[in-house]
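A, B, C, D, E and F label the chains in the order they appear, each numbered from 1.
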Amino acid sequence: MHKPVAVRNIHRAEQSVIDDLGSMGVATVHEAQGRVGLMKPYMRPVYDGVRLAGSAVTILAQPGDNWMVHVAIELCQPGDILVVGLTADSTDGFFGDLLAHSCMARGVKGLIIDAGVRDTLDLKEMGFPVWSKAIHSKGTVKETLGSVNVPIVCAGAYVNPGDVIVADGDGVCVVERKHAPAVRDKSKQREDAEVAKRERLQAGELGLDIYNMRGRLEEAGLVYVDSLDDLDK
Amino acid sequence: MHKPVAVRNIHRAEQSVIDDLGSMGVATVHEAQGRVGLMKPYMRPVYDGVRLAGSAVTILAQPGDNWMVHVAIELCQPGDILVVGLTADSTDGFFGDLLAHSCMARGVKGLIIDAGVRDTLDLKEMGFPVWSKAIHSKGTVKETLGSVNVPIVCAGAYVNPGDVIVADGDGVCVVERKHAPAVRDKSKQREDAEVAKRERLQAGELGLDIYNMRGRLEEAGLVYVDSLDDLDK
Amino acid sequence: MHKPVAVRNIHRAEQSVIDDLGSMGVATVHEAQGRVGLMKPYMRPVYDGVRLAGSAVTILAQPGDNWMVHVAIELCQPGDILVVGLTADSTDGFFGDLLAHSCMARGVKGLIIDAGVRDTLDLKEMGFPVWSKAIHSKGTVKETLGSVNVPIVCAGAYVNPGDVIVADGDGVCVVERKHAPAVRDKSKQREDAEVAKRERLQAGELGLDIYNMRGRLEEAGLVYVDSLDDLDK
Amino acid sequence: MHKPVAVRNIHRAEQSVIDDLGSMGVATVHEAQGRVGLMKPYMRPVYDGVRLAGSAVTILAQPGDNWMVHVAIELCQPGDILVVGLTADSTDGFFGDLLAHSCMARGVKGLIIDAGVRDTLDLKEMGFPVWSKAIHSKGTVKETLGSVNVPIVCAGAYVNPGDVIVADGDGVCVVERKHAPAVRDKSKQREDAEVAKRERLQAGELGLDIYNMRGRLEEAGLVYVDSLDDLDK
Amino acid sequence: MHKPVAVRNIHRAEQSVIDDLGSMGVATVHEAQGRVGLMKPYMRPVYDGVRLAGSAVTILAQPGDNWMVHVAIELCQPGDILVVGLTADSTDGFFGDLLAHSCMARGVKGLIIDAGVRDTLDLKEMGFPVWSKAIHSKGTVKETLGSVNVPIVCAGAYVNPGDVIVADGDGVCVVERKHAPAVRDKSKQREDAEVAKRERLQAGELGLDIYNMRGRLEEAGLVYVDSLDDLDK
Amino acid sequence: MHKPVAVRNIHRAEQSVIDDLGSMGVATVHEAQGRVGLMKPYMRPVYDGVRLAGSAVTILAQPGDNWMVHVAIELCQPGDILVVGLTADSTDGFFGDLLAHSCMARGVKGLIIDAGVRDTLDLKEMGFPVWSKAIHSKGTVKETLGSVNVPIVCAGAYVNPGDVIVADGDGVCVVERKHAPAVRDKSKQREDAEVAKRERLQAGELGLDIYNMRGRLEEAGLVYVDSLDDLDK
């Protein structure tokens, strides 16, 4: 049963692992860890061109109530990312320039929130990256408790406090803390493997040949015809 | 990292606890456990008037691929409920009358799926209850592995295999297995407490008085005026 | 500026006018009043087959907070309908069987709410009709004030306290109180006019002839051809 | 380039083929024809329990304008189904009880419309089946031309006049006229094949065995473990 | 009852009040006026980086018909903003570069429309700011009357002609004309109050301390624990 | 019935016609061809400021399966545009930087896809324009056949292989190949006609006068009043 709680200490992945994951981006990391942990595509960056990685400080919030964000900021360490899941859908603006200043003063690197934010022009100017479900000026109250640093669901993904969050223009991905080093390694292998493929494709070679697809396509039953008119003969 | 796996054995809650939770319904159980564990409101019953409770056999499926449902049915026990979460959004029809017959032959009591189903008329006639995101005839393939009896996210709720699923016309709620007895007790208390309130309300007494709201409303600043015309004076 | 207020007295339309409007249904009334005042099509009845009309007691509520519903019920008279608009989107379950009992004890005839409700099976069994945006078990709090009997926007329609609400399986329509008698008269005229048309259509006469459309269609440029093959000649 | 046109004569499939397709339902027919031709899952029946098949008389309509429906009804033969696609999205109520009476007088069997309808209670009482995107009382005008019996896109499916429409509680499927007999045959084979499978499944045999999946699952890499605790070892 | 009407003269707020409101932005103004008057979050600027304030010239339009926009432009004064509400949902492109040129020639400062627009590249190059529900090339007709300078609902907000519209990257807010000076004053107070808070937050002070939340959190029942492992003890 | 097929040769429009259509943009071309052929407004460019025209190489793909994209690239000629329609809804990322490199090496000019894409930052840096329904990192499989160069429905529009695709910030429009020269001519006429209108509007002349609307408005029943207060007299 849920009782409101704030957990002070969480385990974090090694900084070098986090940095490596961030440098490779969401699409690669998501593939490397077996295509799990991806948030829904409605999570979009408030401004473009940012790539981010850090340790999740999680918040379970009530719809329309941002009280727990204040509780969470105190528990953050430099490099952390706030990740906010809600007990029910809301597009209210949970977060604006004041909380962003507070975050930046504490070294918090960004925000992932399954709800709305506001003061988006300020957020961009301050360079505080946010991925959210909505942009909305509707403010929130501070009346009902949630929890900090408990497991949450955010935009369809399960997040444990201390998990590594990777976010860029392609979305947001959650890497389980204990698997982070292995996912980092797999991501690197994947990235390396893509270099050669990329060069061959750039040179005009076809995926059909690079991946040896022709035989399998034929087996599966694909038929080539010269023209559309041949189809109904 | 996700590797496809099928887990044979899971722990289940006691049958009497499951039955009690089912008899009280989603709204009561959800309140009693602290307002967590509720699936999104887009999950709707395929036909009306059913109330259901059972142990979750979980399926992590790929969009458009129902292969794992076949794997899962073998691992079910009578009284279980299949709960299907996907790695990405899909409205395809993962489940129809054939799978429903297979489920019923095995004693599976129902299906909760964050995707589509088909043969809905048959499902109703057979009396196999389903809560789904969509109804769609588009069939699925059996090409890509997922997992069975691993933790999943389904329609925004985190589900561990063996958790108790309660579903009715108000939606679907997940009760953590280990908390199930306590939630049952709290639900009963809540239900009992509501009997007296219901009687007083039916007799015309006001919530304002039953819950002693008048003082708090005044404190909060609510002002009563006699007419709308008084407002802008 | 919005300050929380509860208005005790409102003007209502004459009961016979309300009853007449209710007997004619949403589609007719909406046409008769010039195609304004219709709520969005996402407002659906919780159960089928009900037609309703009454005077609006309006509630401006905060998302996830149903405190004002309690305030409103005290201010209702028999025959009134609660109409709830929110300051921001929410699908939370604002209303369930307890509040429905309280409403029925007071003679309130139904609920129109731009949010969610729960205990839907009870609502149907009790015969308390509800039109809502969602069905969801997520409960609400009683922490933040709104207002009662002020003008609101509900599901895209502007509602003044005392306006006549007409609701059926086709949706929900708001009739301004002062125009209610005239709208009633126009609705009747419209209904009467349709009787003859209906008979002619049932007898196989075409709308093209009844409404004299052939000339206007030709003027507008509609061309008849015998077959699709003639089209690209 | 689109010029407004009404095509008088279309080719229809044989009645016995149409009837056979209707008797087998959408899910079977859609599978049998290679999983194409299905409308989007937002197309829902206005009332439950109906299964329908007929020849499409197509209407290309402008949003909010039902003029062409009148033109189309004259061109219908008994057994036809009106299928309405729009040039842009609309939820307006294009069709109500008057047009339904006109349709029934002419032998038109039903309506498929990628927009809204109204008078839904009447439609149900009259027994005139409709699949639509929305239910909305907002009326339409008769000001802008579209076309009748031209190829259209309706709810994501391409429809030629004279194609066979099959609709039931699982949605709406379009069968190309010239392929209708072959699709009928394939549907029957499929249905026959399912009888034996259904019996085996009802007897408790598993899909895993009936479809010989165990080998392929192992090849694909599915691993069975006894308990969730074994997973992270 | 709605009869089509164009109202020539409206009252406007003082220019200095309008300018002040525009300089403070949507989030601040919305808070200052008691969290009402905000349009839905689906209203987004066609291009970024613009902040706007002006007097509303309102248009009640029929879906897919932009005739009334022409009527409205004649009735605008320099500094006005066109605000378009529809009688039913539409994403059609009601407005493009030609109308924007007409607006700019008349001193109209921008457009708020609960529908679609087109020629968006031109709008950006011309510097004519637009907030809309959609971007779509589908043109409209000029066949059915609406009204100009009557009260409307636009994207969930009630707008009277002459109300002050404030719009920026956070959305669109409506300030009632008669309350505009008071809202301006409250907004300024709010902005001033935020300066000190911002500085304290930037210096690393916590919201928990600045807003004295610790006591209330404890009262409400928030429990701090050292680690997640302590939770289930 | 759908059988998987890849058609090698298609007819294309003349390059000069394609170039002309591209230079005029979606809104003009769509109007000129009679307001048909427009994709849904949810199709948005992955990055801003691009205008594109080319011949459609069409792909009918299964949800979550991008195998056919590889087949299609081999069949492309320089100047072609890939257009991907799906047999059911999917937001998966069908296309990323590797496929974009392959396309560019082959002279393919862009992608229109009724699904998701990923590596969006790369796509922008490479200058490979994409219009899609979603941005999502979820990868696809290569397991189920579709077809290449058959007629498809993409985002609500019917596309034949070889049709001319025009895309810009206002959306995506399909021009039938055989009508392309005529549509080009009509588009030019339209563009020319707009030059004079634009100048008159820029000079402050009203649409009411340029289009002679005053008489028709009066006929239709529009009434001018001096003030809102006159309305209810």
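In the analysis below, a residue touches a chain if its C-beta (ideal position, glycine included) is under 8 Å from a C-beta of that chain, and two chains touch if they have at least 3 such contacts.
None of the values given here were measured: they were computed from a predicted structure.
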Joint neighbours of subunit E and subunit D, given as chain labels: C, F
Partner chains that subunit B and subunit C have in common: A, D
Equivalent interface to D-E, taken from B-C, A-B or A-C so that over half of the residue contact pairs match: A-C
Subunit A and subunit F: spacing of chain centres that average the CA atoms, whole Å: 30
Computed distance of Cα centres, subunit D from subunit A, in Å: 38
Shared-contact residues (touching 2 or more other chains) in subunit D: 3, 35, 38, 41, 87-89, 91, 136, 138, 144
Chains grouped in pairs wherever the two touch, ordered by label: A-B, A-C, A-E, A-F, B-C, B-D, B-F, C-D, C-E, D-E, D-F, E-F
Complex contact set, residues of subunit B against subunit F: 62-65, 87-92, 136, 138, 141, 143-144
Of subunit A, residues touching subunit F in the complex: 25-27, 30-31, 35, 38, 41, 44, 49, 51, 168-171, 173, 194, 197-198, 201-204, 206-208, 211, 213, 217, 220-228, 230-231
Subunit B residues touching subunit A - in the complex, by the definition given at the top: 1-3, 32-36, 38, 40-41, 60, 87-89, 151, 153, 156-158, 179, 182-183, 186
Contact footprint of subunit C on subunit D as seen in their complex: 3-10, 67, 70-71, 73-74, 91, 93, 96-99, 101-102, 104-106, 116, 118-121, 134-139, 142, 144-145, 149-150, 161
